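Beneath this line is the structure, given in structure tokens, with notes to follow.
Naming follows writing order (A, B and C), and every chain is counted from residue 1.
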Amino acid sequence: MMKSEFWRAFARNKGAVLGLVILAAIVFLAAFASFLFPNDPWDMATAPFQPPLSEDALLGSDMLGRDIAAGIAHGARVSLLIGLTSTAAALAIGVTLGALAGFHGGRVDDAIMRFTELFQTIPNFVLAVVLVAIFTPSLTTIVLAIAIVSWPPLARLARAEFLSLRTREFVQAAITTGQSNTTIILRQILPNSLSPIIVSASLMVATAILLESSLSFLGLGDPNAMSWGYMIGAARTVIRQAWWMSVFPGLAIVLTVLALNLVGEGLNDALNPKLARSRG
Amino acid sequence: MSLSELTRIPTETAAMTTTPLLDVRGLSIALPPGADRPLAVDNLTFTLNPDEILCVVGESGSGKSMTAHAMMGLLPAPHVRVAGGSLLFKGKDVLTMPEAEQRSLRGGRIAMVFQEPMTALNPLMRVGRQIGESLREHTDLPAPARRARVVELLAQVGLPNPAELAEAYPFRLSGGQRQRVMIAMALACQPDILIADEPTTALDVTTQKQILDLIRSIQAERHMGMMFITHDFGVVAEIAHRVAVMRHGKLVEYGPASDVLNRPQHPYTRQLIASVPHYIEHRDDHTKAGAPLLVADKVRKVFHVGGGLFKASKEVVAGDDLSLTIHPGETVGLVGESGSGKSTLGRSIVGLIKPDSGRILFQGTDLLALDRKGFRPYRRAVQMVFQDPYASLNPRHRVGDIVAQGPVAFGEDRGKALARARELLAMVGLDGSAADRYPHEFSGGQRQRIGIARALAMEPKLLVADEPVSALDVSVQGQVLELLDDIRKRLNLAMLFITHDLRVAAQVCDTIAVMRRGRIVELGTAREVFTNPRDAYTRSLLDAIPGKSWHIPEDLQAKMGSGVAGAH
Amino acid sequence: MLGFAQIFASRLVKAAVILIAIVVMNFFLVHAAPGDPAMVMAGEAGAADEKFVAQLREQFGLDRPILEQLGTYVGKVVQGDLGFSYRQQRPVWDILAERLPATLVLTLTAFLLALALGVALGTLAAVTVGTWADSAITVVALLAYATPIYWIGLMLSLLFSIQLGWLPAFGYETVGAGYTGLAHVADVGKHLILPVITLALFYMASYARLTRASMLEVRGLDFIKTAKAKGLSQGRIVTRHVLRNAILPVITVAGIQAGQLVGGSILIETVFAWPGIGRLAFEAVLQRDYQVLLGIFLVTSIMVILFNILTDILYGLVDPRIQVSQ
């Protein structure tokens, strides 16, 4: 597909453009967090329980006098980092397994799909909690836990794509003209199955961010990294006195996830024009 | 007979002709902006009388179904809408009627049967209830009477065990049975007009014949006005009283069936009729010289479908005891209905499926005994042309690459392969720039030409063509068949031509093998099979060819082989 | 009905296989964790006394070959022995059994509510496609998709309990009120409202979007054309032909998402101090009580399997084809 065509289709979805703008702002915030808020977000910046619009704390301070705005800026880093890396890891597991199952079919497919079903039956958040708790919380264990509980839908998707493409006549033509399995997978099938995978991956970044925030909310975040979920979890006991401590980090999550979902839908419209039209 | 009775008949006929059942006047239907033309239907005028079958004929995109859809309120609003004209049913304009009145006509006075019986019924509702819904909507019959009427209708359309069948879900019925259910549903309220939109196109030829017979007898019995939409002049010859030929939304020819079929006036009608596949003696019986190129010997393939933990899988015999030979330069046709297993042998020869037993000898070597590596050299010698021109080309690759990929996989230099690809594209009738473009920029017929070029790039000795023209419009079909024939002659290729259409096989094959339920029931020269069939099934197939008693006008016959037509 | 029984039987076998796989996974989780398995099982290193750790070693034969240990472990779990919580000084199964009813009430109510409301709203959006009602439903669904459920819970309790004082902010019942009979049911019901709504919201949005998309797709299928050609009214086409077909993918997804819903109860019960398994999970995390955590993992998995069987039955009721195919 031509690039300009892609952008035109993407831009036709106003929500997607809005999402992209919000996302750009959040990426900017994350990238320049240390510049905008040079102090460690864990340090006391002002008096505790300062309401929003106070002199030293635009969005107020928490019960230990830490700056909420600084926490949000530094938390953006953690959220985006974990969202992206865990999605990449989930993609690696899911697409590989799904592609193998879909391309080979038969017993390989059976075995892989049983395995996928197992992981889909397990309540994924409970497994993530168990994994992070047992292997002690850190950025690595959180990323791995999220990847381990998130890959099954990607595997199913990749499998379905490969399964249907494998029987398509152009792939059979590639077989009859003597192309190797590797060439067929990489040049014939994969490029044609990429767009739904890209769309799901973009939505999965959003889900991963939600999962990370939920883990931190329960106290299973990396103890060295400031994160939005942790801020809400820590503040929830004082919500009666200090609403701002939970409200602002929550809004940050909503905006980020919403922006990612909007962008994902825009990608869907741009990459699968037929589907978009039938959605009315 | 009394005098009064004698005088009454002509008056009644006269009355019929003055007020037609359906009077379409200057109907125009607009397409959304950005479509390939502004009007799907352009100033269309025709009439439909009681007790007649009007065939509306055209190729895909001719707008032939649109009129029917407009009448039934099925136009995809708001994108497609009526832009002008009127649709008078017994003198009253359907288009300006209030919605409630329109609804009472639909399914009540005007009923419709669709093309795809497999998808036209709600999969989650018992067929009896689906028919009963019509009665519920348009009559005051109480529920028990409705049920009785449904059973009666199912019996009338020739379905066995109608009472039991009424309780079945659609997935238990075959395509032909479903189409009978659709017809029963349409007849439920004894409509004045029956619209049939390509009702037999999705069916096998023998089922098609049964359904056509049914439709004809029901029409005659009930004196309905019937609008029969089709692309097939054979079907037209079979049932039409009058014919309307459409092209690009316009009516190009309109008149009694015998005139249009035997003395077509408009050049487009003449072209359509000329491209109807028909049996012609296009060359003498093929003389089998030398050793056979390919011998299939008792090939057998069984598929296992379904099955699970608590269920044994079902065995489907796709091919059993399949034996035939193909000599250099010979075209062998493999003819059968859907599910006959006709593709199995072709796919086994090109190595897409592995038969369970038997031998496939190519110039004396058993291909089935070879491992992957041993088979590889033979891939070049045997190539395939696929059925679906839209699925057989990778949408993300340039046409030149698609053609060159095979030789490159066999170690040919890419530049050379691409140069050769251009030559081949020219050979199949596409211009030089085709190589740099993507498949979606081509029409169905052009794509099929690309598929042929891809096969030729491998310099094969045998071409397996699996229904290569069944997805194409008739006029394009003729051109692709001509191209295949021309290439076959020029390159002295042998060909295994797989098709469901006996008429197509008649046109291109030297030898014909007829398949049924995984077995070859008859094998002989095309001449033998057509003039003197030995097997009862072959005879029933031949008998089912629509319009077989109609002879294409002399001046339109035998255009085959008169040079390669332009690419479309 | 033989077909249905067969499907049901194969479903149960599958469930059993999945359960065993989860038990095995539990076992390896403990062994893969950093440190001594006995210490891991006992909880945070150093917190448990020597005698208890020694007893654990003895009980699970931790000095034997790993496969034998696995056998012992699976055998114990099959007998309903999920281990002993050192922290609470009680068998894990007893603790779980006590908490289970509260979680079942919460998750089942939320599941059915989400399904019913989601399908209703999705249908409304599909039949009013392009109008303000459709846009409103789409926007709400988009927001519900993007909001962490624990935060929704906090915000709802901030609004309805703290600001307006309409509903209790936490707990299962009014402590010390001593209600009995209907009054007790009403009291629990009142406490149930906020947690159920919070938990159901996300799934309701998900099912509403899916129902809408599915209905729009089904509306374009051939048999809807047939229904229109029969002259049926719009209402009858939607209820008899579109909805029933459109609901199938929704049920499938509901089954797949059941796991997420059950997992989500950890967060909801934590926010609303609902005394169920989820709340227990939070406490176990805080106390590093891994025996309890692994027990929860197993029990919630069983819940998901039950939810899946429920959706299978629903699917079988809607789709007659299921009895022969699959």
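Going forward, a contact is a pair of C-beta atoms (placed from the backbone, for glycine too) under 8 Å apart; a residue touches a chain by one contact, two chains touch by 3 or more.
Not measured: the values here are computed from a predicted model.
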| item | value |
| --- | --- |
| Chain whose mean Cα position lies farthest from chain A | B |
| A-B against B-C, pair bridged by the larger set of C-beta contacts | B-C |
| Interchain centroid distance [CA atoms averaged], chain A/chain C, Å | 22 |
| Interchain centroid distance [CA atoms averaged], chain A/chain B, Å | 48 |
| Distance from chain C to chain B - Cα centre to Cα centre, in angstrom | 50 |
| Junction residues of chain C - those touching two or more other chains | 14 |
| Two or more partner chains touched - positions in chain A | none |
| Touch list for chain C against partner chain A, complex | 14, 17-18, 21-22, 29-30, 32-34, 40, 129-130, 142-143, 145-151, 154-155, 157-158, 162, 213, 216-217, 220, 256, 259-260, 262-264, 266-267, 270-271, 281-282, 285-286, 288, 290, 293-294, 296-297, 300-301, 303-305, 308 |
| For the chain B and chain C complex, residues of the former touching the latter | 72-74, 103-108, 111-112, 114, 116, 119-125, 130, 133-134, 137-138, 169, 171, 182, 185, 306, 308-311 |
| In the complex, chain B residues that touch chain A | 350-352, 376, 379-380, 382-384, 386-388, 391-397, 402, 405-406, 409-410, 451, 454, 457-458 |
| Chain B contact footprint on chain A (complex, rising order) | 168-170, 172-180, 183, 187-188, 191-192 |
| Residue ranges of chain A touching chain C (in the complex, touch as defined) | 15, 114, 117-118, 120-131, 133-136, 206, 210, 213-214, 217-220, 229, 232, 236, 239-240, 243, 246-247, 250, 253-255, 257-258, 261-262, 278-280 |
